[in-house]
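Two complexes come next, and they have one chain in common, chain A, joined by chain B in the first and chain C in the second.
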Partner chain A sequence: MKREHQDAVDGGGSWHPEAAAMEDEKGKGTMGAEEDGGDDELLAALGYKVRSSEMADVAQKLEQLEKAMGSSTAANDDALVSHLASDTVHYNPSDIATWVDNILWELNASPTPLAPRPPSPPPPPPPAVPLQNHHHQRHFDLPLAGPEQSTITTVDLPTAPRRLADNYDPKPLPAPHAAAGRIVYGSDAQSVVAPSPRDRKRMKVCSSPPSSSSTTDAAKSDKALPVVVVDTQEAGIRLVHALMACAEAVQQESLKAADALMKQITVLNTSQGGAMRKVAGYFAEALTRRIYRPQPHRGVGCSSRDSAALDNILHQHFYESSPYLKFAHFTANQAILEAFAGCRRVHVVDFGMRQGLQWPALLQALALRPGGPPAFRLTGIGPPQPAHSGALQEVGWKLAQLAGTIRIDFRYRGLVAASLADLEPHMLLDPNTGDYSDGGEDEEPEAVAVNSVFELHGLLARPGALEKVLGTVRAVQPRIVTVVEQEANHNGGTFVERFTEALHYYSTMFDSLEGGALAADAACGGGRRDQGLSEAYLGRQICNVVSCEGVERTERHEALAQWRARMGRAGFDPVAIGSNAFKQASMLLALFAGGDGYRVEEKEGCLTLGWHTRPLIATSAWRVAASAGGDPIAAAAA
Partner chain B sequence: MLSHSPTEHRVPSSIYTVVQPQQPTMAMDLSSAYEQQQEGRVEEVFAVINDNGDLLAEVLGRLDGRSLAAAGCVCRVWAGVSRRESVWEAVCGRHVEGGAAAGAGARPVVAALGGYRRLYRLCLGPAADRLGAAARLSLSLSLSLFSIDCYERRLGRERGHPRPASLLFLDHYNPVDVS
Partner chain C sequence: MAGSNEINANESKTVVPLNTWVLISNFKLAYNMLRRPDGTFDRHLAEFLDRKVTANVAPVNGVVSFDVLIDRPTSLLARIYRPAPATASAAVALLPDLCRSPSPDPFPVIIFFHGGSFAHSSSNSAIYDSLCRRFVSLCGAVVVSVNYRRAPEHKYPCAYDDGWAALRWVSGEPWLRSGKDAKLRVFLAGDSSGGNIAHHVAVRAAKSGVEVSGNVLLNPMFGGNRRTESEKRLDRKYFVTIEDRDWYWKAYLPEGADRDHPACNPFGPNGAKLEGLPFTGSLVVVAGLDLVQDWQLAYAQGLKEAGHSVKLVYREQATIGFYLLPNTDHFYQVMDEINDFVGSNL
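Coming up: the complex of A and B.
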């Protein structure tokens, strides 16, 4: 093991009592000292480098250190000292802040100094999960307790990573897989379990300032289980801090600081593995775009409408490798099926046709419904595809073939529209009869369903577009409107708020992909390729959310509550999605390998699919509100 | 003891083998066999399973998917019988909520989408592996997944894509495409 910089501490002997002595002095001298900039002169004279502005932070940590050390009995003291002295990596104590951090980590790692906890063999990873949360919470709290502290921590970065790089043993980086065991400290077979990337990232941002009681609680609860790999986790937290600080710098338009932070981010990112590295990579790239190209212009790869062919491929792989789109399709189909009960003529309008993967299942369900299949008409809407014009028609043709084999009367119409706002109600008319609802004597009117999977949020980029589209939808008098959207608010508040929200959201999504890919890997080799392409699909969204503004920024996700309000204002009433859909969705998720983390939840009549505790997408169903002064047909149908 | 019929592709039902002392075994229908037995000219009458395709189908239809697939490797007769849709329909019926009765109306749709054997191989078999033999998938869910797969094959055929991957999430092993 390395012993470094022992000599840097003056006064000979073990630095342990030195630190205790220093702590008293600092405790007296620094509470309330708020000089900013530069190192504290008193301490500098003694060879310790602490920035004056961080003193309160460091003092607090030293308090914790004292508590942790003080709680050990005399017998354990020897063990503690010898443990710290002989078997561990030593850090430069002159950089107090880092040194205290590291010592605290170590203390939590070793079983001996913390009295109530017996040394136990490492438990399986799942119980470690809530503790990692707590750990993170603690560390996250400290810098976010006040804005000045957060910038301080990040300004610290130019020095810290280099020291970290010096002082850490060159251990091999952890494998990207979750739960890879690692021996960090070579002593007495203390094998510690690396946190799975998903654990590392479930960081809750607490707005309330920490109290020392909360930190000691955290310290106590940590004792029950052996801990975590220090270096990557620590670097992971610093990475997140750096990203957030960079976002703040960008918001304040201090581009030099942003640039400096970006360099730190790239350095820190190399120490990460798995989902964290990828997410951070995408966010860093998006921030870079934003920094270096402030004028909104045709950003390459930021808008999903660019390079539609690539978008289709990515979408296809995302469909195949993760359950989100399948969940969306299955739940929407179930709602549509139930709304069409008893109708002999049905018409479905799909706002995002793509490959038409949603419709075979609905066709099959209609074929098997009691009473036999209806006459089915499908209108598929898609963006212009210069490279492959006629794609929309081709999809329709394939669906028609399928419908033919299962004996459904099928008609298809493809509409190419650059934006949904270009749609007019008359375009959705039945071309044969020239009316939405056939006024003929013997034919009953068409039952219309409008389906939108991740298509509505793009309309929020242009004011008034969503209202126009919803007006068009109303004009068609649908029986049901199914809407699937991301359950996140990436459209509100300041840039930093959006950035933070997106960071959490996409971290969770990447975690879920990681979980799925691991299981798929065990099954067959294709998992990784699909995962990479799915991540690229999400990466485009990240790029758009972070680096685009104005009309370019089409990924304007909003949460379910916000969509409810919008739909309500546009004159729609919610329709509860039944329990059949819930059961089917749950069964579908159960089939997914690595699907243990997925959760299907019902929330006021809407179904959400999430990863562990975080809902990620939500399906909702709507119908036109029965209004007094409205269309008499609508009123009769409602 | 086996009776050899030279053309053995269509196995006629109710062929019984008759053992007579000091004579080659003979095949005949049931009534003649028992007649001969009454007359004391016959020592044993037994049915050979390979001669009774329907009987064999009844028996094989009670197997689980893996065993049935293995049974199809025994001999040509068994291979033929084990590929019957009725046999696989029986197998599928046991893995679906509501049992075979619920699935009866689905027969034309399943046939159009590729048949029960394929349905089992792509959906119900892997699902049973994943969820345990006792679990029952809903018919609608399994057929939905099946229809998606069928559709993707059509999509992929023209563009020369590799086999559709939508249902790969169900796979436990690298299946060999023997269709």
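Coming up: the complex of A and C.
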């Protein structure tokens, strides 16, 4: 972070205006900026990326912007400046050049919005398919084998909203999940009404290739271990100390010492209260498993694969009792919504369908957008469920009902896959293409969004799996790929390093749950039960991080810098998430009881949600790199 | 109007390195978008634009940092910076290591209040994280950077109360005491609004019998109703305007107060008398191109007249923010002054 050794060019720190002016003319930066084409080191240390060779250009842009903004004393300039703040969407402030360009573009753009699209024509007549097919699940094959079954089974739900209402008289779907109701999409209608040139401009403007110093940032980020101390009680400190010492003993395979420390931990834990006690309990349990692992089922109970039903219950409670999943869904939906602007046919691929909690809000936002909703296709992917559980298609069914009530042309396909790596591009193709075209009308190609919330890190347990999945993603040529991951490094270094990282990470998370539960309890009761189940949800992750290895260790969380590198290598460019999503996410948090400590931050186009100063999850958005040429399917197969 | 803007840009460009000019101009334009004419502040956009860094217990250039929740009800956080501790094993420092004295010999504890005219920035802003790390390396100090509540959401006296809470917290940490007499050697430091906060916390300390070893005020933020000569002469010329100063005071001071409120103008008509109080000695650094310098010089003079020790460092050609980038004489020489001041008051 610090660049103390990057002193002035002439070594003594002296600096003379004339010399600087001369350097300006050469178009180079001044002190501390040694290399051509590299970022200015001093500004980089403060979070700004400006190439030394472009410093003068950037300065000129800033002058241009200042001129355009004028003085804030004139009345009309006040309106202009406030427009810049409230109506303009800002992107990626670290890249000053792009940030300024974006604002200047806004200022030069026409002040009147373009005429909205004419109202959409009535939905096409329902598909000419016998009615009973709506109820039969075509191509559906319930797998009865165990979790390692890798066949893909599909559930297709074509729907015709009116037909549904006529024949099945469904009860109105209960209001979409509480969080969705609180999300205000109205104000981002502006970004949706924006014509596609603006959208293209934004996506173009954010695709500047990573600068040479990004690798240094990655190296620094790899080593950063943020710690927030919320409890400096003596007992808490000794407990952490004992846990760490035990982890070290385990790493050195001094099992006698580990055992002795474990006894100490048990004693210390009883005198501890609050979040610290619970976190310590989970870590102690995980260490115990690791020390005394019953052969051969070392990882039993730690993997979400072991009990998908229980996992879904815990997931649901975690969703309700804390803002993390809601933030993930909200920010990803925002990026998807913007990417779908102007598209008449869209397809969302959800890598972790579960209860489909993310999608009601997106459907409602699409229904509300000026110009009307697109035809919406959803592919939900989920793991094999125990015998006869039709969870995956039931979710689709419920969403279809919702879509019906808000008049969205909705189709659903469920794909059961033991691993995302079993996916092939052809499985994501539209199964009905060509069947329903209306007399020669050219169909616009589908705009595809691929959405992954906490699903990618599990692929790191098997070499090559992530690369295969990203290849499949590229092959379907998505307009946007949304990724949400834990902002932590629980996959590198030694066991002790991983243990330490995880201890700090989950301590912070548990502390945040504590605050939320207190407030929820005060408001409506039930907060404590939700909290306990949420802690169990996280506890399974802790167990996996600490006591598992090899292919069983699926909670291989990595931080943003590492994901950036992986996505870059796989042929994706970042798409910056802007200030409108940031603002709305912040407002959502303010509504969330106990939200005082939650913080949204922007980091090079990505948004993070954290507790106090520690980011805990990160949302990023991606598109296929412009430079990636050739046949993507061939490339994926390569 | 456009013409005079051009002149302004050229003037400020000739007195700072280009990358400094880019940095401060970027702040200036961003900040212009955040202040609304009706006195409200676009906090969400401010947080979006602010470049932040996390704490880091892994040593970087020999310095580690970690955040502490000092007061849960107000969510008052502080970031602690210290020399990397020696650890028992090669592993990353644990809390016991972090909360152990860096040295048996006397070392300074610097409570730092970041700038931002009471409205901007945080203790985890990159510009202030960088500065605090430098103070650790410079003086072998433990630095406590206080994330005080900001205006306009939190007006006077919230920032001062948070400063006082931080001083109380520091006083209660045994590992921050050093030397044979196990004494707390605490300095209050700050730039811009942070300098103002340091002064007022020092006053409260003096009145409460809490010993402060010294105050370090970098371009401290003071003002008054009167328009001084420097304000008129330098208005709009070097990144700062009278208008923005007025806006920030209005945001911080109580409803209906004017700039002769003692928070803003401690030696003005409503200021408290400091004669006879055990007020600490001060290092006051003034930039010659800062439009509020007349108030800062008056402040230094006020301290002197009240019988208190002041070392005034006047950097003629320096602008605001010169201490953010290590690329001028001003930076290095002022750092030396700070080091000397702290060392001689330890």
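Assume the second predicted complex is superposed on the first by the 382 of 638 C-alpha atoms of A that agree within 3 Å, B and C clash if a C-alpha of one lies under 4 Å from a C-alpha of the other, contacts with A are read in each partner's own complex, and residues count from 1 in each chain.
The rule we apply is simple: a contact is a pair of C-beta atoms (placed from the backbone, for glycine too) under 8 Å apart; a residue touches a chain by one contact, two chains touch by 3 or more.
Remember, it's a predicted structure, so these values are computed and weren't measured experimentally.
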**Item:** Contacts of A:Q355 with chain B and chain C, given as first, second, both or neither
**Value:** first
**Request:** Check the residue A:S307 against both partner chains and state whether it touches chain B (first), chain C (second), both, or neither.
**Result:** neither
**Message:** If we overlay the two complexes on their shared chain A, which of chain B and chain C does A:D530 touch? Say first, second, both or neither.
**Reply:** first
**Message:** After the superposition on A, what does A:Y319 contact: first (chain B), second (chain C), both or neither?
**Reply:** first
**Asked** Thinking of the overlay built on chain A, is A:T266 touched by chain B (first), by chain C (second), by both, or by neither?
**Response** neither
**Request:** Examine A:M587 and indicate which partner it touches, taking first as chain B and second as chain C; both and neither are also allowed.
**Result:** both
**Request:** Using the superposition on chain A described above, determine whether A:L399 touches chain B (first), chain C (second), both, or neither.
**Result:** first
**Request:** May I ask you to decide whether A:M69 touches chain B, chain C, both, or neither, giving the answer as first, second, both or neither?
**Result:** second
**Message:** Between chain C and chain B, which one touches more residues of chain A when both complexes sit on the common chain A?
**Reply:** C
**Item:** Overlapping contact positions on chain A, where the chain C interface meets the chain B interface
**Value:** 583, 587
**Residue numbers on chain C that touch chain A, as the complex places them** = 1-2, 5-6, 9, 13-15, 17-19, 21-23, 25-26, 28-30, 32-37, 42, 44-45, 47-49, 51-58, 60-61, 63, 66-69, 72, 75, 77, 79, 89, 91-92, 94-96, 98-99, 124, 126-127, 129-130, 133-134, 137, 236, 243, 324-329, 331-332
**Message:** Under the stated contact criterion, what part of chain B meets chain A in this complex?
**Reply:** 105-106, 108-109, 112-113, 126-127, 130-131, 137-141, 143-148, 150-152, 154-155, 165-166, 168-174
**Complete:** Per the touch rule, the chain A residues reaching chain C in their complex are 1-4, 6-8, 13-15, 17, 20-21, 23-24, 29-33, 40, 42-43, 45-48, 50, 55-56, 58-59, 62-63, 65-67, 69-74, 78, 81-82, 84-86, 90, 93-94, 96, 220, 223-230, 232, 237, 240-241, 244, 248, 496-497, 500, 579, 582-583, 586-587, 596-597, 599-603, 612-615
**Request:** Would you tell me which residues of chain A are touching chain B in their complex?
**Result:** 319-321, 323, 326, 330, 333, 355-357, 360-361, 363-365, 367-368, 395, 398-399, 401-402, 405-407, 516, 520, 523-526, 530, 583-584, 587-588, 590-593
